[in-house]
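Read through the structures below before going on.
Paired with chain B in one complex and with chain C in the other, chain A is shared by the two complexes that follow.
Up next, the complex of A and B:
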């Protein structure tokens, strides 16, 4: 029995970011994508997304202070 | 302080000294264990040889010709009669022995893999750094060290065992260090890189010492005792042992002594050299002084809190600092610190002489070091320091000129940094202005206790005097107490009125009506000199007196502690009372709003005035407490007793039901738990009811006043004094254990009654029965233990957090990044707000809009 944890109420929404948007994010912060926070390719929250290393994941979190907050992570393996 | 650069360090290399390097850097060979000759002069070739450096004043080093303090010391060496294994490298030696062939000395890795590993390791190092390479080496070496046959010469391999600390055995036959060394010598240069040794900088046989480096005398100075006797350093003692044994070993070998004797001496030499490096090798008895005290050798000089690293390198000491006990002084400003006169005469501030301040500084020099305010030193053009004494005073006054620096005593108004450990947040170290006071303690305004987390039960604090104009202005602008009023943690004032200051203002604004002279007196005493705003009438209300302190254009609407509206219109308090929720620390928006509108300096002054007003009001009015305050009329006491009795009866009924098996369990609980819940409920209800009744009776008590305005105490404290203490709870439950099946031997076994399980029906005034007292003490002890155990735990937790986050900072684009500019958070706190600029963490948009539009409330 495996549960799809991405459906769980406490797991924020993870989505893959398009390449053009990825470049936009990097440009906005004047960084290369490896300077973003990281997430393992095997992370249960993104296992269903079919991403590869180097992709950027957008996480929409609900914050007590700021409503919905987008957070970005770059996928890495190991 | 200008030094020419002769040589520039490009890189530092850590490695192992070869025997040749040891002799090359050595300036003396030590051959005799004697230290001094009959005249007390260091013996040539002894451990205190003058070529190894000087530690006596007047003597000159024979190597560099310099005097004491100038000569850095020079290394020497001794030649060992027999080789000895270096304890700190036995692990490496073992690895090398195990993974090389006993006959051809090649690594036990087949030729074809050898190359591959080396390229692999180089790649790992390039990509992941040296640490990763070390890990990989360990893996590879571990894989091959148990091979049975050499892949190069097919020789059979024997098992090599290490008997700690330094004896090697091959098939139960001991390998002497000579044999070990011989094997290591045979290992070919190119095989070394697999172990992670650099090919051209290291030979494994160096790990077996044939020559021992002698540290310079400057690192092991002897101490001359009062009796004129010399006491040598522990290291010198140890080296003496080594040289002595080495000498004897030489003699015995030359004389052809039996092998057993030589073996014994050799072993002893190994022991001494081992303890010279590390006197805490687990398997060896530590070397001791005659008195039994353990010798402090090289390893113990470096390690631990008192070691070279943490004590001397990481730990810094500072001049121009002071430490003493703190005590309160509500009459000094928030920005001030009271410094004892005796300290002010030792702490100095350098002031450069200019045309314009020459006469002013001369006065200090004139006073000298012993008369306050004076000066202790002058510094001349060439940087030479001159002490001001009665003899030198005239001369100094004569020559004092522009460009000199006078180190004058600390005077009122000087800038100082004040700090209390643990320095957990930035308000733990703030800048204060000095105020010189008699006595021996630092004085501080009790309102700043909160940011420092200080109290006066013996706390000590540190004071630092910045020595340059730059440091002083930086401290003043960035760290002055008034600039730190608003906490970056919750956006409210960290300082506020406390205790009497709150009570005083509460009484003043709530009920006091004063005559005009009385009001003027109060205001004058807290620093108000302009009384023109004081209403021109006979009787003046307390609220009007308080309003005098507020700025004339200040308006504010808030709530007091009991929820009533507090309204300030154009600098006059219209309704509501001043209590903790507006004056107190960490609460209320009144101080926050004043800070926002009128700035830090104004707020600090105002806070000082309000505090003083409160204290003066209490002093004039009188404020005291007595046992009588806790008196309840007989009827009330009877009422409370009957309530308690009723609940206890309820409890007895529950217990009976429980034993009869008729108690129905609550969902998710056992019957026992249900009983406990019901009993707790009934008893707490009794306590609350009793407390309520008591509170209705205790009306004119100062204790109640304090509880109401929030300065000290709460209604529960009053109830516990006057009505009923209530149930004692140990970890959320009634008292359960102590003796077998009962709490105290005074009770019957399995007694579930309130009395036997820590219900205290008395109050502090009526007095507790012995068992009630004991139950109270149990909880008190438990709470004490809890805090004692929790403090270091949470302290360590905090330390780890602050160390992990110390290099995070908010960049100009609003992101939080670490030192390598990796992003940690895209907006600080997810909302990008600077909490110190919010009001309790919220931005009051409505007020900002009103302000912009010019709407007044």
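Up next, the complex of A and C:
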């Protein structure tokens, strides 16, 4: 696969979240990070980010109702 | 253009209001508004926004189910529907909705919309040429006749010369394509035909017959899985609709616009573009059907379903094998489909049901943890 899928209209921007921000997110929702929605380490959208299991990914979704929404997923192994 | 000050005030509400609401307020404010008035309007907007938010304990899933289910009864049950352009069938209506929500692996009508990059998308001829080049063309299509010569142990393949020319191919190209399948045979090509002879000692005639069957299905040209192509005009540009999908290979082609080319197969989107793209694809595909039927369902209901289907990092359908199998409670799972199977397995494994959700509490006649049933009372003992 040579095409850059991050340019695709269906793929929102994925970024890795720093550890301090990760703690802040978890505290704001009163959860631990493993209770977040999941994303596989092998997911094509994050294959270039070089993440490991347990990292949190910030996803900037384009929403019809709210404009841009930040969503978080935790990386898990297959 | 609003004054910088007003914009600054509105930007100050970044964390409490979504961008769409902030933009709308900004657009409707008069440019001469005073600072205090702007602040007051923003505060009122925040109050109205918070009042409109869903309360904790609201049964959003049930509301979504009803909101999607009721208009669903009015959808057409027609599986096939002519979409207006030429002879391409597209599954719409209820069968398509079921296909998406059940996350079915094989679609009735897999379709790709292939958009092209700038210089390629304005001319019908270039689009036609491109469409022909991506269509999967098998060796069989060029063959007029296979003739097995039993005495000389040879297989002669007569080719359709006009068709070869049309596809810009020669006998050599065909031989190249089938080379790996024809090991152990010597291949000679002449004008309009190919002759296969077994190398060394002549073996059984069966081998030649097997060879024939093998080379028939060899792909000579195009991308695997693309059975039909249809160049059409969409707005100001030309695009290619394909029957059969191969998103991975098509995105690798340099002429193709990577940003807009999509497939209607959500499993393929998952494999190529990832779980977030699937969520968006589910929303888009369902919404497309609903709009085409002239129905009106709030997109938030579909978002909820799409979120539910993708929370685990992969795509799960709303079926007993998908999201329902993930439920923590045995009783809730048993209440959906195949109750006996779930109850027997739970008994075998000694599963414990903590009765934390709705269905199981309804079953045993207890208050459900929804609305006023959600909060518990804690007494401070002295």
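We adopt the following convention: the second predicted complex is superposed on the first by the 77 of 78 C-alpha atoms of A that agree within 3 Å, B and C clash if a C-alpha of one lies under 4 Å from a C-alpha of the other, contacts with A are read in each partner's own complex, and residues count from 1 in each chain.
Here is the rule we go by: a contact is a pair of C-beta atoms (placed from the backbone, for glycine too) under 8 Å apart; a residue touches a chain by one contact, two chains touch by 3 or more.
Please read all numbers here as calculations on a predicted model, not as lab measurements.
**Student:** Just chain B (first), just chain C (second), both, or neither: which does A:29 touch?
**Tutor:** first
**Student:** Thinking of the overlay built on chain A, is A:11 touched by chain B (first), by chain C (second), by both, or by neither?
**Tutor:** In the superposed model, A:11 contacts chain C only, not chain B.
**Student:** Is chain A touched at more residues by chain B or by chain C?
**Tutor:** C
**Student:** Check whether A:65 is in contact with chain B, with chain C, with both or with neither, and answer first, second, both or neither.
**Tutor:** A:65: touches chain B and chain C.
**Student:** Could you say whether A:76 touches chain B, chain C, both of them, or neither, answering first, second, both or neither?
**Tutor:** Once the two structures are laid over each other on A, A:76 reaches chain C alone.
**Student:** Please indicate which partner A:37 is in contact with in the superposed arrangement: first for chain B, second for chain C, both, or neither.
**Tutor:** both
**Student:** Which residues would you name on chain A as touching chain B in one complex and chain C in the other?
**Tutor:** Shared contact residues on chain A (touching chain B in one complex, chain C in the other): 37, 61, 63, 65-66, 69.
**Student:** Which residues of chain B touch chain A once you look at their complex with the stated criterion?
**Tutor:** It comes out as residues 813, 815, 820-824, 826-827, 829-833, 841.
**Student:** Sort out for me which residues of chain A touch chain C in the complex.
**Tutor:** By the definition above, chain A touches chain C via 1-5, 7-12, 14, 37-40, 43-46, 59, 61, 63-69, 73, 76.
**Student:** Which chain A residues qualify as touching chain B in the complex?
**Tutor:** 29-31, 35-37, 61, 63, 65-66, 69-72
**Student:** With touch defined as at the start, can you tell me which chain C residues reach chain A in the complex?
**Tutor:** 18-21, 23, 248, 251-252, 258-262, 269, 271-277, 280-281, 284, 299-300, 303, 307, 310-314
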